[in-house]
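These notes are about the structure you will find just below.
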Amino acid sequence: MTRELYIAVVGPSAATPAEHALGEQVGRLIAERGAVLVCGGLGGLMEAAAGGSAAAGGTSIGVLPTADRTEANPYVTVAVATGMGEARNAIVVRTADAVIAIGGEFGTLSEIALALKMGKPVVGLDTWELGKRGGRVEAFVQASTPEDAVSTALAAAELARTS
Amino acid sequence: MTRELYIAVVGPSAATPAEHALGEQVGRLIAERGAVLVCGGLGGLMEAAAGGSAAAGGTSIGVLPTADRTEANPYVTVAVATGMGEARNAIVVRTADAVIAIGGEFGTLSEIALALKMGKPVVGLDTWELGKRGGRVEAFVQASTPEDAVSTALAAAELARTS
Amino acid sequence: MTRELYIAVVGPSAATPAEHALGEQVGRLIAERGAVLVCGGLGGLMEAAAGGSAAAGGTSIGVLPTADRTEANPYVTVAVATGMGEARNAIVVRTADAVIAIGGEFGTLSEIALALKMGKPVVGLDTWELGKRGGRVEAFVQASTPEDAVSTALAAAELARTS
Amino acid sequence: MTRELYIAVVGPSAATPAEHALGEQVGRLIAERGAVLVCGGLGGLMEAAAGGSAAAGGTSIGVLPTADRTEANPYVTVAVATGMGEARNAIVVRTADAVIAIGGEFGTLSEIALALKMGKPVVGLDTWELGKRGGRVEAFVQASTPEDAVSTALAAAELARTS
C-alpha cells in the first residue's frame, strides 16, 4: 500500500467518550476512503481510530513510543516499536500525508506543531487553538465533523502529493 | 496483526543476484508461515524480501531511514518514514521478534549487533562471522538455507515470546 | 557539569532582531546563573542564545537535526549531530530541566508541547498562546523580560529536581 | 568547541579492570591532544574514558540512552538525555569524526558497524574481529596500545575532515 494516502490521527490516550466516538468515526471514514491510518498505537483515541479503521476493513499502523510491540492496541494492522518515547511523534507525522488532530492533550499539540513545521496539512477536530499576543492564529483548518475532517485531510493530502 | 510473529530480514541495498534470491525465498517463507516481515523498506535485499512476502500474500513493514515514504520499494504492505537515517536500524530490530541477516553490508552488521544487544534471536545466512583475539565467537546461529533460517527464526521467536 | 541545571532555549532559526536580542540576553543570564544552556545548535535564536552564553563564559550544547556536526553555530560549546530531523526536538527538551520558548515558529511550539507532555516547566517569552473552544488555556508561564524568564525557569527547574 | 576533532570512545558498561585502564588512558590522551570525547555517558568503559578526559582537563559529551540526564557518570562535561535506548548509538557515532572501540560488547559492535556504514574511521583496541565465509575481513584498524589508537584515530579524523 505504497500508493494510497496515509492519514495520521492523533489524540489523547485518555480520551473522553465524545473524543472516542470522533476517533472511531474518523478511523472508519479513512478506511472507507481507501487511505491508510497512522496512529501512535496505544489506547484511548488511538485505539478508537484503529478500531474504526478495522471495522471498515482498513489498514492501520501503530507507531509505539515503547520498546514492546505487544503493547499496541489490538486493532492496529501492524505495530512498530520505536523505543524512543515522545520522539516517535515525529515519525507518526513524518509517515503521514496529512494529520487529523482530535482533543486537547499536549502530545497531540506536539504532533500538530511538528506537522506544521514539516509543511504537512493539519485538520483539527475539537482540539487546540493557537494565538499570539492576544490574537488568534489560524495555522490549520478546524473541522466541525468527522466527515468534514476526513474529506479536508484527504483533499489536502492529495493536493500536497501532486504539487 | 498484533498476535503474529514479526521477523526482520536485514541485508544489503546493493544485493547480489544470489542474495536477492535468498531474500525472496526468506520473505516468501515468512509469509507462508503466517508471520509479518519487517525490513528497511528500500531496494536490494529489502525489496527482494518484501517481494517474496507479497507474492505469498503476506504482510510486510518497511521502516525507512529517509523522510519520504514514497521512497519505499513497491512491495512493502506499509511504509514508515522515520527521517532518522541509520538510527532507524534500531527500530527495525526493536519491532521484530527475531532477525534474519543476509549478506555482508555494514548496516546489516549493525542490525545483527543491535539485536544481540537487545537479546533478540539472530539467524545468519551467508553473512558476517564474529571473532575475538583470533578465535571465532558464535554469537548467533548460522543457517544454511532459507528454509533453515526461517524455521530457526520462527522457533526462536516463539520461544522468546513464551519465556 | 552533571550537577548544574540545564535550561533549554528554543526559538526560530529566522529570528527577528528583537527575538535575537531576547535570546542573547537569556543565554547570557543562564550562563551568569551557572546553568548549562541546551539549544538546537543552528542559527537565529539558537545562535543568539549560545552567543550570549559564550559571552558570559557559560557552557552550551547544540543538539542538531542534521548529520553534520560542523553545521552548528560557532558559539555552542559542544555540538551533537543527531541526523534525526525534527525528532531531535524531543532530545533538546528531554535533556533540559526547564524550557524557555521565544517567538512563534512551529518547531518552537512543538518543543513547548513536548516539554509540557514530559512534565517539564515551560516559560514563554513573546511566544505562542494556547486555547480551546474560544477560551485561553494557561498551560505555561508567560514571562515579560529575559530576567523574569530565566529566574522563573531556574526556580521551576530547581523545584522539579528536588520534588 | 566546534573546530576541535570529536572522537567517540565506545565500550562495555561492564568493563573489566584491563578495559577500564585502556579506556582511562584513551580518554586522557584524547584530552591531551585537544580533542573532544564523545561517549555513551553511562558507567564502565564510558566512565573510564570520561574520567581520563576530565583528569587531563578535557571536554566530554555523554549521549545517554535513558531519559534522565542525572544517570550520566560524574565525569562527563555535559550529558544529553535521548530517551531513545539503543538508537542513541547512531548519535554517538554520528557526532564523532572517528571512533575508538574497546572490548567485546554487542553495543560496541553496533557502534563499530554504524561508524563503518557512515564512512567514519574506526580503530579497535582488544575488540571484535570480523569475518566472512571462514576468512578474516579487515574492515577497520586494530591498534595495540592506547597511544596507537588515539594517534591513529586523530590522524584518520583529520584526514576525513580535509578530504
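The letters A, B, C and D name the chains in turn, as written, and every chain counts its residues from 1.
The rule is simple: a contact is a pair of C-beta atoms (placed from the backbone, for glycine too) under 8 Å apart; a residue touches a chain by one contact, two chains touch by 3 or more.
Just so it is clear, the model here is predicted, and its values are computed rather than measured.
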>> For chain A and chain B, which third chains touch each of them?
In response: C, D
>> Quick check for the class: compute each chain's Cα centroid; which one is farthest from the centroid of chain D?
In response: A
>> So chain A and chain D are the same sequence; what rotation in degrees superposes their CA atoms, nearest 5?
In response: 180
>> Of the pairs B-D and C-D, which shows more C-beta pairs in contact?
In response: B-D
> Which whole number of Å gives the spacing of the CA centres of chain A and chain D?
Replying inline: 39
> In whole angstrom, how far does the Cα centroid of chain C sit from the Cα centroid of chain D?
Replying inline: 28
>> Counting only residues that touch at least two other chains, what does the list for chain C look like?
In response: 67, 82-87, 90-91, 94
>> Going by the contact rule set out above, which residues of chain C touch chain B in the complex?
In response: 67, 82-87
> For chain D, which residues count as touching chain B in their complex?
Replying inline: 84-87, 89-91, 94, 104-107, 109-110, 112-114, 116-118, 126-134, 136-137, 139
> Where on chain A does chain B make contact in their complex?
Replying inline: 1-2, 6, 36, 59, 61, 63, 67, 69-70, 72-74, 76-84, 90-91, 94-95
